Amino acid sequence: MPFLNDPVNFISGWMRSLLFGWGLPSGLVTVIIYFIGITVLVMFAMVLDIFLVWVERKVVARFQDRLGPNRIGPFGLIQPFADIIKLVIKEDITPTGADKLLFNLGPVLAIASVIILWAILPISSKIFGVDLNVAVLYLVAAGALGTLSIIVGGWASNNKYALLGAFRMVANMVSYEIPMVVVLLIPTILANSMSVQDITQAQSGMWFAVLSPLALLIFLISAIAELGRSPFDLNEAESEIVAGFHIEYTGMKFGLFYAGELLHAFTFGGFIAVLFFGGYGGFFGLEKLGIFSWLNNSFVQAVVFLAKAMFGYWVIMWIKYSMPRIRIDHMLTFNWKFLTPLSLVVLVNTAVLSKVLSGLPGWGYVLGMFLSNLIIGYITVEILRAYGRKQRKTEANPSPQRLQN
Amino acid sequence: MNVPLSWYLILAAALFSIGLFGVLSRKNAIAILLGVELMLNAVNINLVAFWRYLDPANMAGQVFAVIVFAVAAAEVAVGLALIISVYRRRKTVIADEIDLMKW
Amino acid sequence: MQTNWLYIGIFLVIGIIVPIVPLLFSRLVAPRKPNPIKQSTYECGIETVGDSWVQFKAQYYIYALIFLVFDVETVFLFPWALSLKQFPLFVVLEGILFISILVTGLVFAWRRGMLEWA
Amino acid sequence: MTVDRIIFLVPAALILGSAVMVVITRKLIHAALWLVAALFGVAILYAILQASFLAVVQVVVYIGAIAILFIFAVMLTRREMLDKGAQTRSNWWLPALLGLLILVGLVFLIIGQPAFGQPAAALPAGLDALRSLGTALVSPDAFVLPFEVASVLLLAALVGAVYIATGNKE
């Protein structure tokens, strides 16, 4: 059954022969097939996005001991469609003084910057867009477009809160991009490649989450900051700046920002799975055994990947609905004085150990990496505790000098 | 790759000229820096095109382009810091009005 | 490699078309009755005061400045990370030297109190 | 007119059009955003030239960092005068003439070189541009010194910029 093993190539091969039969040139055929394939992939992402609205509302309801949407359709599954219809038929208000073109560009860029991430997301070993050899940096580049969308939307609204929200968000996003880029170097070093397929294959024996748990933690934190979700949701901080950068957006444009945020969170869940949990694979070598060979099937891999991505998304939601918002100065201090130095230490550690331990057998390499991370983590916690103790002491009996100032 | 190298070079030359025009004709200091960015990018297009067309096995072109990135970043960082600093004291970003060397 | 970038290019085009479609559809079906009150800039229910150009803290700018330098430097580390495997240990030392120069900048900014939200 | 040439001309038109807008737009924030468009076009050119690392780095560094810094600077300074009054000097035709002369001269020079009329050869088989770039940057008989010096340059820029932006507090 070629379809079950390699569905994308099966269908594209069939269509290629069909289009050649019509006498089209080969370049055009490639473009047409890409076009159809991308449309299908993007449509899948958008349908998933609609489903995510329901997931998000249901999960937050459970966290807060409520029921969530349960009126329309079974378990309220039709609710997001009702929401979409509502958003589409709402009046679209452009405030006076807004920069019309940029005002429309903001939400479009916001969702486009998320959708283009799906071009490199390896859903299975056979179902994926492209296997770019700079995929890891492509992730960062797409984030840059997302930053731009927020600053454009916030500026074009001609509103104090919107601009303030945009400023905060951009300061937040650009700051946390540093630990994120540094930590992205760690899967690159471990897999000796920047392609997400290679990174996934390199984890078939052992997840990078085990080799470098600290990197996973730093990536998770900076991903949440990049998403602008609580506890880093200063961009929209309802109680301070009302709704932040999308305060003036109504109807479908607001809907696009909202949809973009949810899809972004899920996509980052997917990237956490790819970079640290073995993506569609990572069965610790099980798939090589005869009875588990079905794990190599494309559809099984796709299900595994989507389940892992959903788990990552769930963790992000869990954090969002359990943590209060932190102040902007604390947030930036946390990044520049704690996360960035820590990520650099982890990077140097990984680079050195990947060289020093490369002679050891597989388990020694894994154990060495894991223990070194534990030691760094322990030292970090000790430093933080000592700092906290000092802080409490100065607060308990402030020196007279301090009082004068 | 049916495009001749000269097309890239002419594009880069045009971009450089536009950047030069921007640098020389704009009054605003920030706009002058925008023009400088265009000129730096024109140079980078040339470097990468020469790498691709003349000697792809030798990475000197790409390495040089990477170094230009660093120079551009350094230029923007210091240039904009200067502009902000001047603005905070003199409340102006018009290049012609910044005519005192002191401060 | 070239076809990969062609794919990315088409993806970008579709990625921009997809959000435009619901916006156009919304324009077709949504009512449009603008009036000055409705279109006024929102400001917590009171009338808008002044323009939106409130003065911003220069601190935002300082963080962006530090970010710019760090971003360029960390991006430089990617080619280094890819060549770790094929060279002996001195390559790691080169990287450490590079990173320590980076850290010097961070320490300087820290010592000067640039990282404080003053 | 082959497909290759059209694929080249589209980003080229984007670059030149946006670049012209950068230098003539009155609103400074629009000029900064046009710069983003021009830089994005340059990134597309890098992708066409098969320098994929430079293409993504162009987006990450220029659009993600430099353009953001420009927009921040515009927003910090805009208050008084930015978009009011003439944006260009009164004798703007002089730089225009100069730019035109340089352009014409360069075009003549370029067209005069028959070697520049050649289309590109295919990349050597087995050349991984990304890995060779990494090798070139770190191997001691290639460009390791510029690599480290670039870091020192950026350190100097950071120190200088931070010092200038805050003034001498101490």
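Letters A, B, C and D name the chains as they come in the text, with residue numbers starting at 1 for each one.
In this section, a residue touches a chain if its C-beta (ideal position, glycine included) is under 8 Å from a C-beta of that chain, and two chains touch if they have at least 3 such contacts.
Here the structure is a predicted model, which means the values were calculated and not measured.
Counted by C-beta pairs in contact, the busier of C-D and B-C is C-D.
Centre-to-centre separation of subunit A and subunit C, using mean CA positions: 15 Å. Rounded to whole angstrom, the centroid-to-centroid distance between subunit B and subunit C, based on C-alpha atoms, equals 21 Å. Averaged C-alpha coordinates put the centre of subunit A at 33 Å from the centre of subunit B. In subunit C, 1, 4, 8, 56, 58, 60-61, 64-69, 71-72, 75-76, 78, 81-82, 95, 102, 109 are the positions where the chain touches two or more neighbouring chains simultaneously.
Shown for subunit A are the residues in touch with two or more other chains, namely 132-133, 137-138, 163, 167, 170, 174, 177, 194. Under the contact definition stated at the top, the residues of subunit B that touch 2 or more other chains are 66, 69-70, 73-74, 76-77, 80-81, 84. Taken as a contact graph, the chains fit none of the simple arrangements: neither line, ring, star nor complete graph.
On subunit C, the positions that touch subunit D within their shared complex are 1-2, 4-5, 8-9, 53, 55-56, 58, 60-62, 64-69, 71-73, 75-76, 78-83, 86-87, 90-91, 94-95, 97-98, 101-102, 104-105, 108-109, 112-114. Residues of subunit D touching subunit B in their complex: 2, 4-5, 8, 12, 15-16, 19-20, 22-23, 28, 31-32, 35, 38-39, 42, 45-46, 49-51, 53-54, 57-58, 61-62, 65-66, 69-70, 73-74, 76-77, 80-82, 86-89, 92, 94-96, 98-100, 102-103, 106-107, 110-111, 113, 115-124, 127, 129, 132-133, 135-137, 142-143, 146, 150, 153-154, 156-158, 160-162, 164-165, 167. Those residues of subunit B that touch subunit D in the complex are listed here as 1-11, 13-28, 30-31, 33-35, 37-38, 41, 44-45, 48-49, 51-53, 56-57, 59-60, 62-63, 65-67, 69-78, 80-85, 87, 91-94. Interface residues of subunit B, counted against subunit C in their complex, comprise 66, 69-70, 73-74, 76-77, 80-81, 84, 88. Across the complex, subunit A meets subunit C through its residues 30-31, 34-35, 38-39, 42, 46, 87-97, 104, 107-108, 110-112, 115-116, 118-119, 129-133, 136-138, 157-164, 167, 170-171, 174-175, 177-178, 181-182, 185, 188-189, 192-194, 242, 247-248, 251-253, 255-256, 328-329, 332-333, 336-337, 340-341, 344, 347-348, 351-352, 354-356.
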